[in-house]
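Structures are listed in the sections that come next.
One chain, chain A, appears in both complexes that follow, with chain B as partner in the first and chain C in the second.
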Partner chain A sequence: MDIVATLVTGFGFWNPIIWLAVLAVALVIAYLIWLTGESSYKPGTEQTKPYLSGNPEPAKQDVHVGGGHLYWGFTEAMRGYYDRIVPLHTGVLTDYLLWFFGIAAILILIVGLI
Partner chain B sequence: MTLIETILAAVGGTVAMAVFGIVAGLFFLGVDRKFAALMQARIGPPLRQPFIDAAKLMRKENIVPENAIPWIFNGAPILALASAITILLYLPVGSIMPVLGGAGDLILVMYLLTIPALAMVVGGFASGSPYATVGAQREMVILIAYELPLAIAIIAIAWRLSMAGIADPFSLTTIAANPVWGVVGPVGAVGLLILLGILAWVTPAELSRIPFDAQEAETELAGGLLVEYSGKNFALFYLAQAVKTIVMAALAVALFLPWNLSSFVAMAPAVAVAADFVFFLAKVLLVVFFSISLIRVSMARFRINQIVSIYWVWLGLAGFVGLALVMIDAILAGV
Partner chain C sequence: MNGDFIIQNAPALLLAVPMLAAFATPLIGRLGSLARNIWVIAAMTLTSAIGLLLAYDVFTAGTVLYTFGALDPASALPLDSGGIPVRIIFTVDAMSAFMVIIAAISGFAVMLYMMASEAKGSGKDGFYALFLLLIVGILGMVCTGDIFNFFVFLEINSLAGAALVAYRVDKGVAVEAGLKYAVISTIGGLFVLFAIALLYGQYGALNMAVIASSMQYTGLDKIALVLFLSALAMKSGAVPMHFWTPDAYSMAPGSITALLVVASQASLYGVFRVVFTLYNVALDYAAVGWIIIILGVLSMFVGVTMALVQKDVKRLMAYHAVSQTGYMLLGVGVGLAVLGQQTAFDTFGFVAMEGGIFHILNHAMYKGLLFLTAGAIFYRTGTRSLNKLGGLGHSMKWTMIFFIIGALAIAGIPPFNGFASKLLIYESVFLFNPVLSIIAMVVSILTLASFVKVFHAIFMGPKQPQYSDVQEAPLPMLVGMAILAVITIAFGIAPGLVVDSIVAPAATALADQGGYIASVLGGL
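And now, the complex of A and B:
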C-alpha cells in the first residue's frame, strides 16, 4: 500500500502525510513568531504563584479535576438521560449480555422489516 | 500533480495563508470591537488595536507559573496557532480554490477545528491553576457540545449535493463551485436557513466568544484556561483566535455564501481574482457581524450546563428539523 496516497472512502478523502508536512511548516512559522517575543520573567517571585484572586492556594488534591469530573457540564445538562442510564450499568455480566442480545434482536427485526 | 509538487505548493501555501490568516484575522477582530462599540454607543478602539495589542504582548514578560509543566505550557500556544493556520489551506478564499482541496475534505476540516481548542485545553491543564483547570474542563465540554449541530449542518449540505448527482460532495472545491441554494427547492431552502442559523450559533463557541465563553468567563474564572498566560504565549493564543475567526467565517462562506462576483460580471482573470477576494472579505465581514459581534453584544454568558442543553437539545433538534426539510426537499424533487 502506498503510504503517501490519499485515503479515499467513497465520499470523503484525506491525505495525512500532506497535513503533517503542512503542520510542520506551520509549527516552524508559529515557533519563529514565538521566538521574537520577550522570554524573561522573574522565577521564584510572587508573579509565578497561581492567580487565585488573592486567596491562598488550596492543596493540589482539593482542586484536581479527575476523569469522573471532566465532563461535569455535560452530565449535569443531560442529567435526565444519565439518571436513567447509569442505574442500568449494574456491573453484572449477565445483565449486559441480556441487553446485548435484546438490542441485537431488535436490530435484526428492524433490518429484516426494511 | 506529483507528491513533491503538492508538498511545495503546501509549503508556499502555508506561508501565504499564515500571513493572510493573521493579518486579516487581527483586522476583523478590530472590526468586531468597532461594531460592538458602535452598538453600545461608544467610539471604540481604532481598527488597528488588535495589532497594537499583539505587538505589546510580545514585549511583555512571558511568565511560566511555578505549578506549570513548562514545555507543555509553552508548546500549547504554538500548536494552537499552527493548527489553526493549517485549516485555512483546506478552505476556498474567494475564487482561489483551496491549496489542499484535493488532500482533505469537509469532514477533515470539522476535526481539524478541534485541534486549536484541544491545544488550549492542554495549555490550561498544564498551567497548574485551579481556574485554568476548571476552564479547560469547560472547554472540553463545549467542544463536545457544538460537534453535533455542526456535524448535522455539514452532512445535510453534502448529502443534498450528493443526491443532486454531484460527485465528491464533501470536497470544499465541489461545495464552493456548486452553491447548495441552487440545488434545493423552497422546502430545502427553509431547511438550509435553519442550518445557516445553527452555524452562526456554533461560531461563537468555536471562537470562545460571549455567550459561549464559559471556559474563560472573566467575571467568575478570571480568564479561565488563559488565566496564567501572559506575554508571547498569550499573544500566540490571541493570533490563533484571529486565524480561527477567518477559518470559521471562510467555512460559513464556503458552505452557505459561495458565490463570486466573477460569476455574475464578466471581467479579466486577474481582476476577477482581486474582485472575488474583496467580495470574500465583504462576506467575512457579514459573518463576523451577525455571528460574533451582534450575538456577543446582545447576550449574556450562558452557564456551562445551559451551553450543553442549547447545543445538544435545542440546536440539535433544530438541526434535525433542517436536515428533515432538506431530505423532504430531495424527495419532492424526485431524487
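And now, the complex of A and C:
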C-alpha cells in the first residue's frame, strides 16, 4: 500500500494515506467539539428562521448572492490589469487570427536568430 | 476473432472500429433509436477496451509498431526506396499509449453521459457519428508515426469538433463558435501541412523516426518548427492564441466539451512529439524550452484571471482549461530546457516532465468531470449564468458532490489527483526557477477562489422558486460523471502507482529520441 500511495518527488515525498489518517483524526476532534455544543437546537422551528429586526423576510430568489457579485474587491484592485486584458478578448475571428499570425511571426524571429 | 488477433492488430482496430461505427451509425439509426444507441455504446466500449489492451501491451512489452498494408514493418521498405519507408507505420510508444488511455477513459465516460444528455435532441445519428469521428481523430493523432498521417487525423479531429460545437445551433451562437473553431483550426492545419511539406521537400520522408534521424536543423527546419509549434500550441489553447477556446468550449454540448479537452490535449501531445521526437538533439534546448515555458506561464495566469471574472459557468471552466494547459506546458517545458544538462535533467528536469505529463491525465479526468457537471446543470435548468443559478445543492446532490470532487482536484487540494501532479511541478520547477513555481502556486489559489465562487453561485443558498421542480441528472449522466470522479480520487490516493506504471515510462519515451528512432528503424 505504501508503494502504491507514496509519490517520491525527488526532494521529498507525498503520501495521501498519511494525510487522510491525519484528516480522520482532525474530523474526530471536530466531532468531539461539536458534541459539546447546544443540544436544544431544533431545525424547522422558530429557532431557524432568519431574524431581520422585525422586517418581513424577502423572497428566496432575492436573498441569494449571485456569482457575478463575488470578488468585486479583487477585480477592482486589479482594474489596471483587467482594463487591458479583457478588451483583448473581442470575440472577433480576425483578431484571433491576428494573434495567431503575430505569435508565429515572433517565434520565427526568435528561433531564426538562435 | 481471437485474443491474439486483436492484440496483433490493436493499432488498426483502435481506429477501424470507431471509424466504421461512425459511418454506419446513420444506417443503423434507420432501424430505430434503440439499435443506434446499442451500436454506439458497443462501438465505443470496444474501442476503449482495445485502447486499454494496446496500452497494457505497450507498457509491458515495449513500443508497438504496426505497418498498414504490409505484414510487418520491414515490408514497408522497398528495395528502391533509398531506406525510406513508403507505408504508414503506427508507432505506439509509452507516451502514445498514455494518451490512448486518456482518450479511452474519457470517450467511454462521455459516451454513457451523452446517451441521456442528448436524448431530447434531434439529429442524433449525425451527432453520434461525429462523436465517433472525433475519437478517431484523437486516437489517430496520438498513435501515428507518420507526420502527414498526423495532419489527416488533426483535420478529422478539427472538423468533427467544429461540427459538434455548432450542432445544437442555439440561435446561431453555437454555429458562430463552431465556425470560428473551424476557420482557426483550418488555418492551423495549413500551417502544419506547410511544415510537413518543408520537411518532406528536404528529407523525402514522412516517417517521424526517419526525419528525426536525418534532421539537419536548417533554416527551413526552423520555419517548420515554428509552424508546428504555433499551430499546435494554438490548437491546445495556449495564451495568447487561446481566444477560440471559451467560444467553442462554452457553446458545445457538455458531453462534447469534456471530449474537446482531450482533443486539445492531442494537439499538446503534438507539440511535445515535435520538439522531443522530431527535433530534439538538433534544438537549442534552453531557447525552445523557454518558449514553451513562457507560453505555459501566460496560459496559467491569463487563463485563471480571465476565469475569475466570468459569469457563464462554461466560459469560466473554459478559461480554467487554458490555465491548466499552462501547467503542462510549464512542466514539460522545464524538462526540455534542461534536456542537454544531464545533472539538471536528472535532478529536477525529469520530475518536471513527469508532473506535466501526469497533469495531462489528471486534467482530462477532473476537467472532463467539471464540464459534465456543468452540462448536467444546463440540462436541468436551461441556463449557464452564475447570476441566475442558485440553491441547486438541494435538488442535485450527486451533481454537487461530483462538482466538489472536480473543483478540489483542479485547485490542487489533497488528496485529489490534481495535487499530486501539481506537487511534482511545484517542487521541480522551483529548482529551475523559483519565480515560476510561485506563479504556479498563486494560480492554484486563484483557481480555488474561482471554484468557490462557482460552487456558491450554483449550489448554495436557499432553494430558488424557479428551480423548485429541478431534479437530479438522469442515471447515465451520473454514471459518466461517477467514472471520472472515481478515477480523480483513485489517482489522487495512489499517485505513486500511476506515476511509476504509466507516467514515468511516458516521460522516458518522450525524452528518449534515440530510443524512438531505434524502435522504428530497428524494425525496418
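In this section, the second predicted complex is superposed on the first by the 62 of 114 C-alpha atoms of A that agree within 3 Å, B and C clash if a C-alpha of one lies under 4 Å from a C-alpha of the other, contacts with A are read in each partner's own complex, and residues count from 1 in each chain.
We take it that a contact is a pair of C-beta atoms (placed from the backbone, for glycine too) under 8 Å apart; a residue touches a chain by one contact, two chains touch by 3 or more.
Keep in mind the model is a prediction, meaning the values are calculated, not measured.
Enquirer: Looking at A:70 after the superposition, I want to know if it touches chain B, chain C, both of them or none. Which is it: first, second, both, neither?
Expert: In the superposed model, A:70 contacts both chain B and chain C.
Enquirer: Contact-wise, after the overlay, does A:40 reach chain B, chain C, both or neither (first, second, both, neither)?
Expert: first
Enquirer: Examine A:29 and indicate which partner it touches, taking first as chain B and second as chain C; both and neither are also allowed.
Expert: So A:29 only meets chain B here.
Enquirer: Scan A:108 for contacts with chain B and chain C and give back first, second, both or neither.
Expert: A:108 sits against chain C, while chain B stays out of touch.
Enquirer: Which holds for A:10: it touches chain B only (first), chain C only (second), both, or neither?
Expert: second
Enquirer: Considering only the touch criterion stated at the top, classify A:99 as touching first (chain B), second (chain C), both, or neither.
Expert: Touch partner of A:99: chain C, not chain B.
Enquirer: Thinking of the overlay built on chain A, is A:52 touched by chain B (first), by chain C (second), by both, or by neither?
Expert: A:52 sits against chain B, while chain C stays out of touch.
Enquirer: Go through chain A and flag every residue that touches chain B in one model and chain C in the other.
Expert: 4, 6, 11-12, 14, 19, 63-65, 69-71, 74, 78
Enquirer: What residues of chain A sit close enough to touch chain B in their complex?
Expert: Touch list, chain A to chain B: 4, 6, 11-15, 18-19, 21-23, 25-27, 29-31, 33-34, 36-44, 47-53, 57-58, 63-65, 69-74, 76-78.
Enquirer: Would you pull the chain B residues touching chain A in the complex into a rising list?
Expert: Residues of chain B touching chain A: 3, 6-7, 10-11, 13-15, 18, 57-67, 74, 77-79, 81-83, 85-86, 89, 100, 102-108, 112, 127-131, 133-134, 136-138, 140-142, 144-145, 158, 162, 168-171, 214, 222, 227-228, 231-233, 235-236, 239, 304-309, 312.
Enquirer: Write out the stretch or stretches of chain C touching chain A in their complex.
Expert: Residue list for chain C touching chain A: 179-180, 183-184, 187-188, 191, 219, 222-223, 225-227, 229-231, 233-234, 240-241, 243-244, 246-247, 284, 287-288, 291, 302, 305-306, 308-309, 311, 313, 347-348, 351, 386-391, 414-415, 419-420, 423-424, 427-428, 431, 449, 453-454, 456-458, 461-466, 492-497, 499.
Enquirer: Quick one: which bits of chain A touch chain C in the complex? Just the residue numbers, please.
Expert: 3-12, 14, 16-17, 19-20, 59-61, 63-71, 74-75, 78, 81-82, 85-86, 88-91, 93, 95-97, 99-100, 103-104, 107-108, 110-112, 114
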